[in-house]
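Before anything else, here's the structure in question.
A, B, C and D are the chain letters, set down in written order, and residue numbers restart from 1 in every chain.
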Amino acid sequence: MSYRVGRVKGVYAHTSLLKSLTIELEDDLNIIPGQFLMVWLPGYEEIPLSPSYADQNIVRLTVKGVGETTKRLISLDTGDRIYVRGPYGRGFDLDKPGKYLLAGGGYGAAPIIYSAYKLSKLGNQAVYVEGAKSIKEQLFIDEARKLGLEAILVTEDGSSGIKGLITDYIKQIIGEFDILLGCGPEPMLIKLLNMCIESGVDCQLSFERVVKCGIGICGSCVLGDRGLLVCYDGPVFNKERLMDLSFKEVV
Amino acid sequence: MSYRVGRVKGVYAHTSLLKSLTIELEDDLNIIPGQFLMVWLPGYEEIPLSPSYADQNIVRLTVKGVGETTKRLISLDTGDRIYVRGPYGRGFDLDKPGKYLLAGGGYGAAPIIYSAYKLSKLGNQAVYVEGAKSIKEQLFIDEARKLGLEAILVTEDGSSGIKGLITDYIKQIIGEFDILLGCGPEPMLIKLLNMCIESGVDCQLSFERVVKCGIGICGSCVLGDRGLLVCYDGPVFNKERLMDLSFKEVV
Amino acid sequence: MVDLRVELAGIKLSNPTVLASGILGDNAALLRRAAKTGFGAVTTKSFTIEPREGYATPIIAEVKAGLLNAVGLANPGYKEIKDILPKARVNGVPIIVSLAGSKIDEFVEMAIYAEDWGADIVELNLSCPHVSMMGMDIGHDPAFVANLVGELTGVIETPVFIKIGLTDNYMEVVSRALDKGAAGITAINTVKAMAINIYAKTPVLSHRYGGLSGPAIHPIATRVIYDIYREFKPPIIGIGGVEAWEDAVEFLLAGATAIGIGTAVSKHGLTISKVVSDGIRTYLEREGFESVRDIIGYVHRK
Amino acid sequence: MVDLRVELAGIKLSNPTVLASGILGDNAALLRRAAKTGFGAVTTKSFTIEPREGYATPIIAEVKAGLLNAVGLANPGYKEIKDILPKARVNGVPIIVSLAGSKIDEFVEMAIYAEDWGADIVELNLSCPHVSMMGMDIGHDPAFVANLVGELTGVIETPVFIKIGLTDNYMEVVSRALDKGAAGITAINTVKAMAINIYAKTPVLSHRYGGLSGPAIHPIATRVIYDIYREFKPPIIGIGGVEAWEDAVEFLLAGATAIGIGTAVSKHGLTISKVVSDGIRTYLEREGFESVRDIIGYVHRK
């Protein structure tokens, strides 16, 4: 059988539409930060999600209710079943030496905080920056601090931390870093990419496209005019790959 | 692909109808003495053969030309291809401590001499007895001696060694041994079994039936009224198993 | 303790596993051994009027996703049923007698004989893909099947199952057979296929064509079982690539009452029946069902 | 140096590997990438008159012996051919345009359009097993196929291939299509099947049914290719479970001129084309052949 069956062990509501589900699987799963799972709720669709934490048979999913399936997901209760296949795709390469700047926007902070766990285990230096609409939607600032990282919140409405867009803040500090890991809305990613090109900082960015098969066969997740596949070649792409693309669609 | 392709590396003619073919395979094969290979010559049938020697990617088959396929086999030349699948079945258990009596009749000496190789490697004490029609059909007496074993030839016509039937000779000496390994014509095996029952000596005997699938599914190789399968439960059966059977067919 | 018993047209099985036809099954000792090892029922090799030698070896070709066979309906002829059946019977395990023929007369003669010698179910092999004028060659014709089943249910009381393979019109065949009194459906037989050895540059099987079995056909069988149950809900012996209890449960949920096991016997031995029925038991317990009967066709209830 | 070039109805391929329809193929960038990675030809996703969203996810179910899919012929509609084809073309790699429809008119309209925009071959998908009124539903009818092919070969000059699946009467369909001028045969499409999740107790695919591909169907495809070559010797694009060069050689020996690769792209990436064509080259060298063309249909010569 291709699906692993998990049980919801706990639900943490960041807001009414943004929740973290801790899932217990029957067997251990080895997921690299940035890789994704295909998550199926029978009767609903199957969707890609990048865990915000994973260890042995525990996976934490941080989900924003944007449509039918994600809304159903965030309404799950402890004990409910959840079906996952994967992990799929390429995650972040955390073995590169240097000082890391971690940038997560919205639920895009999920694979970023998971990267923070791994980086702190590896003993790499990292600063965590999270962008959110307001303090209410802030996700992992406390967690990042508990990991011993400097953690900076940037809110659009200034309700906490630095006011503004995460990209504006990052522009100011990027020069101090060797490598940037980013995940979030596509306009944010494009800005980050351009910044990194200008400043000569290395980067790895996680992109979204509509993922249907998850295994590089249906073509639905194609990104850019070189035919990159988000589910197979990504979702995390490095700077060299991204520089090759023309992002007319979004810029 | 299920077949391994081998090349004939050498042919040794014991007689014009009884030959040993040394086969070189592309990969190593781990065969326990007494196990068999299904050997296919395209255009002919696929038949079961128990190697008379095997080491890494080398297998030696000792074949008596009795019908179309075996006759074709013994007419192969160096360089010819041969197709094998397996090994299948259960071989001799050579780990039991004690003094071994090895009894091979006709081409049945094949798995017996291969056992001799393994036993001498294991440092177990063993005496090799071979039964043949005449000196011309004698197979592995020299080889057994080179292994440092006492080796006795019993010929029906007395053209060499002891004259008579191998079973008559073994009857005289069986008391000196702890365990007998036997392979040969079925009447020989039945006599050996009865001898072992009477004298309290342990035994393992290799039986033949028409083997078609080799993988325990077609039922063609059934032995006895308990539904033992030569290809799956055998070809080597131990004393306990055999004592359960009624061998009306042959005795 | 959950209940594993099922009934196939009134015939009681202690658990849903069935030894599939052609697997070790033309010999009393082997059928007996299978029954003792834990199968809920055993099926004989398909018998024909005359004894058949079967094809020359190779009769088996191992492929990545399963097995090809072209045994060629080797069997000792139906008259042997008389010797085999009484000896094969043990612990009350039902015996399904499989029959293959090319004419209605042949089937009638054999079916009466099988009934006389104690067959619990008569299964008509209408789907062997590698013997001409038998099996698939006649089984894809709904009119023939309807006549055949009609004749047989007129002369014997033993439940008649038809064993189908993958054809375009299996739904019509099943529908006609059930109309004429078939007691149940066995699905599926092997799928016609071929394996070529690239060094020998020739088909492996002496008969060239063979029937594909094993994991390869499991999702096809699931579909066929699902279709038949959805439409007709007859007793179904689901067969095809079952090699673990999960595969068996899949068939049960799709609508099978019993689960035939063939190819997996080669990989796992006859104890596969125990492994599968134990697995079903644990599954039922964990999922909160009391009887295996509660999950038959379950996916259709949603 | 052995020669890997083959011709499909006059269309030259640098090597026999072909990207199968539906694999990454409704996007110019992906077709281009596949062509660059070493495929001898690439096939587009099947286009339909209207754009199709396809089915809801799950559209894929992984099974032991392969893959089930029910993409539902998702495609942007045939008018996109105009944008896709010119961008997809690279290094002279031929592009096969796959079309799916329910009526002859639809096929005619799309085929003319495909020809206008440079299709090297037009492939008629008469075998998709999971969309009603298209694919298999029409492709098993020899009369319809004969009419369809007759009409198309009357209006376009581009070679027309028909893509068949596993039906009872594929030999008749092929025969009628060739009679009416079909330039070649693509065989086979996926086989209708189902996977049920035993904990969810429901079919995995949102569409319930899907098409089985991968190693499971390889021996079935070998048989179909063998049959068609034996009888008609047309150019054949052999497809089904090719995931290693040995599988490709098997098809060539059975009679395929070119080798379609689908599911294996998921396991091995697009570089599978290189791996397969390199393997074929080494095989030919070792077995003493000068050209891949020397082994096409070789098993029939014995």
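Following the convention adopted for this analysis, contacts are C-beta pairs under 8 Å (C-beta built on N, C-alpha and C of every residue); 3 or more make two chains touch, one makes a residue touch a chain.
This structure is a prediction, so every number in the text was calculated from the model and none was measured.
Note on connectivity: the fewest chain-to-chain touch steps from chain C to chain D number 1.
Chain grouping by touching, computed with chain D excluded: A | B, C. The greatest centre-to-centre distance from chain B, using averaged C-alpha positions, is reached by A.
A straight line joining the Cα centres of chain B and chain D is 51 Å long. The geometric centre of chain B is 37 Å away from that of chain C, both derived from CA atoms. With centres set at the average Cα position, the gap from chain A to chain B is 64 Å.
For chain D, the set of residues that touch two or more other chains comprises 63, 198-199, 202, 246. Residue numbers of chain B whose C-beta contacts span two or more other chains: 1. Interchain contacts link the chains end to end along an open line, per the touch definition above. The full set of touching chain pairs reads A-D, B-C, C-D.
By the touch criterion given at the top, residues 63-66, 68, 140, 166-169, 191-196, 198-199, 201-203, 208-209, 212, 214-220, 222-223, 226, 241, 246, 249-250, 253-254, 283, 287, 295, 298-299, 302 of chain C touch chain D in their complex. Interface residues of chain D, counted against chain A in their complex, comprise 22-27, 29-34, 45, 54, 56-63, 67, 69, 71, 74, 197-200, 202, 204, 206, 262-263, 265-266, 269. Partner chain D is touched in their complex by these residues of chain A: 1-3, 5, 38, 40, 42-43, 45-47, 81, 83, 85, 212-220, 222, 224-227, 229, 232.
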